[in-house]
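There are two complexes below, and they share chain A, which is joined by chain B in the first and by chain C in the second.
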Partner chain A sequence: LFYSFFKTLVGKDVVVELKNDLSICGTLQSVDQYLNINLNDISVTDPNKYPHMMSMKNCFIRGSVVRYVQLPADECDTVELQNAARKEAMQSKSVAATASAAAAGGGGGGGGTGGHGGAH
Partner chain B sequence: TLLETMIKQQVSVITADGRVIIGILRGFDNAINLILEDSVERVFSANSPVEAVPLGLYVIRGDNVSLVGELDPEVERRMDLSRLQADPLRPVVT
Partner chain C sequence: SRQQALASLASIEEPMDLIRVSLDEIVHVKMRNERELRGRLHAFDSHLNMVLGDVEETVTTLEIDEETYEEVYKATKRTVPMLFVRGDGVILVSPIGSSQAA
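Right, the complex of A and B next:
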């Protein structure tokens, strides 16, 4: 779900805050299924504190180190996103329920047929 | 589009423990394991100039990679490391 959401943001300016407290501003170039982010034309929001990136224009950020992705409010319909997320949560809950019911039913059937042989 | 565009270029890798390693990206895979040639670690500290530690050919496991940045060789050449001073980067907190 969020992969599709980020795909709609490609080309927009965002600020990515990482789990090591580094904040990077840039244009979203691409995103992948792990939510790894490619940012173009980056600028560090506090260059004096983090001069390590002075010569860096594009970067690849591993999805697992992202804490936040800050975007302008008009780039995102929060109500629509909430509804979509809720729907997906319900869908995965029902898929999990049917999967565990099938597993329980399969286990019970196997135990029943095993018992018949003992009667002879 | 992924790391493919940065291959054969000089990149700066920020690791999960807050280290900065600079080298030429030779290879990568889906897990972001990296192969870096002629790698050099840049050690920052608040009160002494940047220290460069040469490391040679390195394989960095993807779990440990935070960021891979493409370095502009022009700007790199003009950068004077002896004037750079900064606090070291924080390690990633999960």
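Right, the complex of A and C next:
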């Protein structure tokens, strides 16, 4: 869900805030399934929370070190987001239900044959 | 599968259902490092990654006055129009009535 969402934001300016309190503003160049981020043309945003990386124009950020990504509100269709999240929640619920049904069915079949042996 | 049928009839609310019900509502999110967020929930996934709109972040820090040795809790707030929050920092998500005043 969020992988697709970030793909729609490629080319937009975002501010990535990391878990170590660093904030980096840049243009979203690419994203992957782990939500690792490639940022182009990095610039300063929060004055104190920004490291001095004047040499760097482009960077790769591991998804797991991200705390927040500040997004432009006008680029996000909130209704579409909500519908996609609802759909995703229903999908993962049905996947979990079928998985537990398969597990329960397998357990029931094994118990049945065991019972038969005991009766005899 | 009988249990399954009963569950779908009663639409039993698992934790993720309770969050799903809060979509487009204002939620209160408690995060690691004494941070709290308050904003409108637009999207979430099973990792608890979320997109929140019109969100206010509160960071609570404990500061000690060197002269009086008094402990003071300081809250720093800021607002962001649209924010993606990574799920691994989230502790809890709770609904707030969207008509509730600040």
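Rule of thumb we're sticking to: the second predicted complex is superposed on the first by the 111 of 120 C-alpha atoms of A that agree within 3 Å, B and C clash if a C-alpha of one lies under 4 Å from a C-alpha of the other, contacts with A are read in each partner's own complex, and residues count from 1 in each chain.
Here is the rule we go by: contacts are C-beta pairs under 8 Å (C-beta built on N, C-alpha and C of every residue); 3 or more make two chains touch, one makes a residue touch a chain.
Worth saying up front: this structure is predicted, and the values here are computed from it rather than measured.
A.B. asks: Could you classify chain B and chain C on chain A, in the superposed arrangement, as clash or fit?
C.D. replies: By the criteria stated at the top, chain C and chain B fit after superposition, with no clash.
A.B. asks: Tell me the contact category for A:Lys19 with respect to chain B and chain C: first, second, both or neither.
C.D. replies: Touch status of A:Lys19: both partners.
A.B. asks: Touching A:Ala101, do we find chain B (first), chain C (second), both, or neither?
C.D. replies: In the superposition, A:Ala101 touches chain C alone.
A.B. asks: Rounded to the nearest 10 degrees, how wide is the angle at the Cα centre of chain A between the Cα centres of chain B and chain C?
C.D. replies: Result: 100 degrees at the vertex chain A.
A.B. asks: Could you say whether A:Ala89 touches chain B, chain C, both of them, or neither, answering first, second, both or neither?
C.D. replies: second
A.B. asks: Does chain B (first) or chain C (second) touch A:Leu71, or do both, or does neither?
C.D. replies: Only chain C is touched by A:Leu71; chain B is not.
A.B. asks: Once the two structures sit on chain A together, report how near the CA atoms of chain B get to those of chain C, whole Å.
C.D. replies: Closest C-alpha pair between chain B and chain C: 5 Å.
A.B. asks: Could you give the residue numbers on chain A that contact chain B in one complex and chain C in the other?
C.D. replies: Residues 19 of chain A touch both chain B and chain C.
A.B. asks: Using the touch definition from the top, list the residues of chain A that touch chain C in their complex.
C.D. replies: Residues 1-2, 5, 19, 35, 63-64, 66-73, 76, 78, 81-82, 84-86, 88-89, 92-93, 97, 100-101, 104-105.
A.B. asks: What residues on chain B touch chain A, complex-wise?
C.D. replies: 1-3, 5-6, 12, 14, 16, 18, 20, 32, 42, 44, 62, 65-72, 75-76, 79, 84, 86-87, 89-94
A.B. asks: Residues of chain C touching chain A in their complex?
C.D. replies: 1, 3-4, 7-8, 14, 16-17, 19-20, 23-24, 40, 42-46, 49, 51, 53, 80-86, 88-89
A.B. asks: If we count contacts the way the header does, which residues on chain A are in touch with chain B in the complex?
C.D. replies: 18-22, 29-30, 32, 36, 38, 42, 49-62, 65
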